[in-house]
Amino acid sequence: MTLSSVRQLVVPNWPVLLIFVLLALAPVWSMYGGSDFTIRLLTRALILALAAVGLNFVLGFGGLVSLMHASFFGVGAYTVAILAHHDFNGDTLFGLPGTSNLLVSGPAAVFLALVFAVATGALVLRTKGAYFIMMTLALNQMLFFFMIALQQYGGEDGMQIYLPLHLSGYEFGSDSAIYYTVLIVLAFFVFLLSRLVCSRFGNVIRASSENEERLTAIGISPFHYKLVAFTISGAVTAVAGVLWAISQEYVSPADLSWIRSADLVVIAVLGGLVRVWGPLVGALVFVLAEYFLSDITVYWQLVFGLGIIAVVVLFPGGMLSVWATIRKINWGRAHDA
Amino acid sequence: MTTGLFVEQSLNGLQLGVMLFLVTAGLTLVFGIMDFINLAHGSLFMFGAFLAATFVKITGIFWLALILAVLATGLIGFVMEFLVLRRFYHRSHLDQVLLTFGFILVFNDITRIIWGSIPLPMPLPEILSMPVQIMPGVMYPSFRIAILVLGLIVALCLFLIIERTRLGMWIRAGASDRQMTSALGVNVGLVFTLVFAAGAALAALAGIMSGPISAVQIGMGEPILILALVVTVIGGIGSVKGALIAAIMIGMVDTFGRVMFPPAISSILIYLLMVLILAFRPRGLFPANV
Amino acid sequence: MSAFFEIKNLEAGYGNSKVLFDVSLKIAEGEFVTLMGRNGMGKSTTIRSIMGILKPTAGEIYHDGTRIDGLASHKIAKRGIGFVPEGRHIFPNLSVRENLLMAQIKRGSANEWDVDSVFDFFPRLAERMSNGGDQLSGGEQQMLAIGRALMTNPYLLILDEATEGLAPIIRDEIWDQLGKLKAMGVSILIVDKELDALSELADHHFIIEKGEIVWQGDNQALMSNPAIHEKFLGV
Amino acid sequence: MKLTTSAAAIALLFAVTGATADTVKIGFISTMSGPLGGTGNEASDGFKLFLDQNDGKMGGAEVEMHWEDDQAKPDVSRQAADKLISEDVDIFTGIIFSNVLLSSIKPILDSGAFYISNNAAPSQIAGKLCDQNFFAVSHQNDQLYEGLGVYMQEMNFDNVYLMAPNYPAGKDMMAGFKRHFQGKIAGEVYTAFGQLDYSAEIAQVRAAAPSTVVFFYPGGMGINFVKQYQQSGLMGEIPVYTGSHGIDQSILPAVGDAAIGVNSGAIWSEFGDNEANRVFVEGFEKAYGRIPSPYAAMAYDTARVIDAALTEVGGSIEDRDAFRTALETMDFSSIRGNFKFNTNHMPIMDYYMTVVEKDAQGRLVNALKSKVASDLEDGYVSECKISG
Amino acid sequence: MTLNEKIEKEPVLRLAGLTKRFGGIIATDHLDFDVRAGEIHGLIGPNGAGKSTLVAQIQGNLRPDEGSIIFEGRDITVEAPHRRAKLGVARSFQITSVFMGFTMLANVMMAVQAQAGHSMWFWKNTSMDSSLIDPAMELLELVGLTRSAQALAQNVSYGERRQLELAMALAMKPKLLLLDEPMAGMGRQDGGRMISLLETLKGRYSILLVEHDMDAVFTLSDRISVLVAGRCIATGSPEKIKSDAGVRDAYLGHKST
């Protein structure tokens, strides 16, 4: 790698690199003064961040407000949990044995998410705007109620994963090991999607959210591109679901409720939609605010809700725009009419 | 299924549909006219029920409480629109979803601070407390008949106001071209505020009418909000006629689905219906010309 | 003649870009006045400022001795300024009759415009009374836009690009009707490009260039000065 | 649990040396907010009442309480559990809902802490997956309806119609009922979880014309069902029965007069005739101005169990085995009457029948009718192999 | 094949018996019509005559009820719009339609990319892809927009956006250019610039020009067709159309030139 290519990578991306460096140091900090719980809390934030990074690929760049990403999250988590469940019981699923090996169940989860995303995407992408929002909400609700009704996998009670999940024998020995795994996976997908949005494919996706009619007129039918994007997005969120199963060792329908979908949208928007890594900021703010506020007052949702309202009213571009907005105020420029 | 049971279940479906229409009417109007997604519509539904339960306790008269609660919630809607929401008409749907999601959290906790977290009692009005015989062997709760009648009256009034009055013309004109309507001497800001307040009042009315038959508790607006959104998009955003037809359709499908299918299927039946309808008619049954 | 409508040193713009720098003009009662200039010179911005759609950053606008700049759009319309916008802006979801009826402002004098008299004035509209606004041809839409503005019983009628995009034969019809309005005593401020037709109707002309009024004069002065045409109108 | 980082090891070391012999840390995770927040608030009020009555001490030890809200969400509960584990809490309690409990129970027990349940105790934990450090003071889920099954079997009920939401607890309850009831089942209907309207199901009940309806609808669903059932005019024709907690004080005021005449089983009654119960009920009414619900009673009883076991071991929980043995063997008198832990750490207890009436002050109460079963065991005890 | 032979053999676009109804209204009424290779064919007619409907049918956004559309000898009547675009039918819109949040350069690059047909590339960063940038810059230069290449499309003037539209249409290497009122909303100066720009394209592209600006149509067109009520009432050279009595009655009127 040449010096100039390093500069090209680092200079414009210094905020996200700084965040990742700080996150990588978090376990060290927790060792001297923090607690183990800090790592668990950050793990949760990073998993939600990854789920929202996946969502943001279609939300921020494709302009598709999906309220069904919790279901991709759930497909990822449930696939791992169900395979582990059969491994624990020693029985079979469709004639195949269960497994706690993530090198098997992980890819299986992503594959199922891809299939699910293609099937649902082909349906929901026919609609636009508010209809799209509702269509995705409906599909999310369907999977949610289906999982509640599915008694053999715990129904509303959810499922505990009893055997340790492992990578062909290698077990995650500690919370820190899980944390670093999550951090590396997140960094990988942030990098991957950053490349993707600048590629020709990414251009088509952004153009489709700008003006579909125009895109058709220059010879590109957006449907297939949107379907591919939707599928990639769903798969990334499903990876977050797999990590969730690893970290929580428990999955339940609550993980794929529409509220979780809405949380992901809130995380993405809070962080700012125009950057691939925006949701990382959103997730840290979301999880830490929820945690600290609920420690202070039982009416923390009141404060949290007011916070969301304040961000939307004052900073239409999300938290990322706070800095820009402050600079604007300092320079005393009049706001556009 | 005997004839009597069939009639009774049809009435149940119709009544559930009309109830859903009451909740949806305000939502679809605001959605269609101001192009504003109000997720906090469910909170207004909840406020209606809580206020009415409180007024019933104070006054002891159901109908007086109903009027007071409808007016009070309309006022809350008025203030909400005037202070915050009107700044969001030109913003993206996403920002609106986020804003009103924030409102849900705030309103739930405000309710908890004022009324506590234990569900409130809300008795039936005395006059409608007994079931009536509608045909030999079929008794039906008179309060549900009242909901049915009230819902249909509201539907008729809405239709007449929007299609037959000058206010209705202003609303429709404002929906399609706000600036031009204003430049012709119509105070569109005021008209929109009134529409929102009326939407809030309708949500409250629905909440009040559901109070005596279901739990008046925090979060009661959220499941009903999702149903209302389903009705809105099936009917076509902004179409009152579409909302009425879609609501009755959902009421019927849900009622008969629950009786005829196992719960794993019946609980997703209405969503299935919606997905199917939107797959073939991506803008709902009656795309409003707004 | 006392100025019944007057703009003094108007400034306005969008965001950080200023479009109007110094616009002043006067219209007397019953006058037919044009505002001309090339595209992007500030004609529409002037009109949007008058109608309260755009808030001026400086300057004053008076109607009948009362200051109206800064008032909300609907209040300006209520005062008696009728508006026919560029692009017509017919409400597609209202019928022709409803498009007229929604705009009606009664001022309590005799001979006011109502739906029937507008239909008399534009017989083509009467034929299409219950059609939706989106089912009209361009010419019919333009007539409806004018009729709709008349329903507010304006003292001053403002038309922005009243004949743009219309077939020549329809334009002639519109010009005829505007002539009749002038004869009825309605004050008119019009933006248009068709110099020939304007010269037959107008009493006074204003020419705007880069946000400033650079020339004004009566019809004779304009027609006898081809240099003006060349310099400011690009003819 | 594998602890490989030195941080965790240090933390553990700190925990052992830092805790003094006369301080016990209790983590109370419960549902305080959201639509279901009423139940958690009842439970925490019951627990607090005991502490208030005993100067904040249990068995002579200072109690350090850690309150957490789980919002009825499994992952939030797990997060709260993680936090309390890192703060070296000794005893966990408070969780109302089975799914919330299941998400958090593994790390809690792995950390070496005790879980002493005031409410949720799903069948897995009573049976196959029972744990030496898990105790249920309240009940095993099925038990809430088992006594009702015993009663109806003894009274020769026939042609009974069963209704419950379609989720594991619903199925558990009905399974518990059917374990003891052998009569004819006229119909068995499972409705969607969280359903608002029951008119269609009620019409089906009328058509099926059973002798009795047995229903399980917790929280808001119960309010909806009972109100709508009464409004349909069926209350006088086909009586309804529910298990314990079915129509308790957390929803009774909201249901209102529509609830009069609803029969319910009970593992505890506010009219229970013993001294401890009188101290509780009178204390609760005085402190909070309302009649306690079973949620409050079970939390109060849980506090009493912890108190009794700590007394037994001299106020120190450092010796976990001693504390466990105390719980298993101590002689404890519950506010509900007879009580002891079974080999699977589920309670063996009595069962009562009550009916909703108005008391002298015009308040709706579950009036005690009769005791219908003694020393009732749960159905999973044989599946549990607790290895000491 | 020389250009002349091509013209004689087969026009670029031929419409045969094209009909489109909306409810009871006939928007296009058994229309026969052709555009020859290399010509600018003006299409005029009063509002509501069916010009936009016709353009939409050629582009593919509307499906005709009857008749056929033959493009370069191939029947494209039921082809999807993006397929037609691939074949070489390019449209500039009546109302400006560009990607407002993109820079001018990115807009044209998008069109270049669409034409090149490699849009399922996921990795290479397009902001350094000279196979997109170079042709796009050339086109911006052609339409005179080099200076504002890095400006966002939403921040430039209306006239510049129309020029951008044209650049995007040209990026598709079109065999037929559908220009839907390119002069609309332009002042005389901008309009004049657009006319001279189009003049430079004359002979290089086959163009169907729909326009109300009579000066532009009569200056630019090789042939003009007049559409009234969905029918073509006259086709011919500008001189012939000007003097056609039917056209004067129906459209031009008698006062105007």
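In order of appearance the chains are A, B, C, D and E, and numbering begins at 1 in each one.
The rule is simple: a residue touches a chain if its C-beta (ideal position, glycine included) is under 8 Å from a C-beta of that chain, and two chains touch if they have at least 3 such contacts.
Keep in mind that what you see is a predicted model, and the values were worked out from it rather than measured.
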Mutual neighbours - chains that touch chain A and chain C alike: B, E
Farthest chain relative to chain E (centres taken as mean CA coordinates): D
Of all other chains, the one whose Cα centre sits farthest from chain C: D
Approximate Å spacing (C-alpha centroids) for the pair chain B, chain C: 44
Distance between the centres, which are taken as Cα means, of chain D and chain A, whole angstrom: 36
Distance between chain centroids, defined by C-alpha means - chain D, chain E (Å): 75
Where chain B touches two or more other chains at once, by residue number: 108-109, 112, 263-264, 267
For chain A, residues that touch 2 or more chains besides their own: 145, 148-149, 301
Touching two or more other chains - residues of chain E: none
Interfacial residue positions of chain B with respect to chain D in the complex: 2, 5, 8-9, 12-13, 15-16, 108-109, 112, 117-124, 129-131, 139, 141, 143-144, 210, 212-220, 223-224, 255-256, 258-259, 262-264, 266-267
Chain A-facing residues of chain E, complex: 59, 61, 80-83, 85-86, 90-91, 93, 97-102, 106, 109-111, 113-115, 118-127, 129, 132, 168, 171-172
Residues of chain C that touch chain B when the two form their complex: 51-53, 72-74, 76-78, 83, 85, 89, 91-94, 98-99, 101-105, 132, 134, 148-149, 152
Parts of chain A lying in touch with chain E, wherever the complex brings them together: 195-196, 198-204, 206-207, 210-211, 213-221, 225, 228
Residues of chain B touching chain A in the complex: 31, 37, 84, 87-88, 91, 93-95, 97-99, 101-106, 108-110, 112-113, 226, 229-230, 232-233, 237, 263-264, 267-268, 271-272, 274-275, 278-279, 282-284
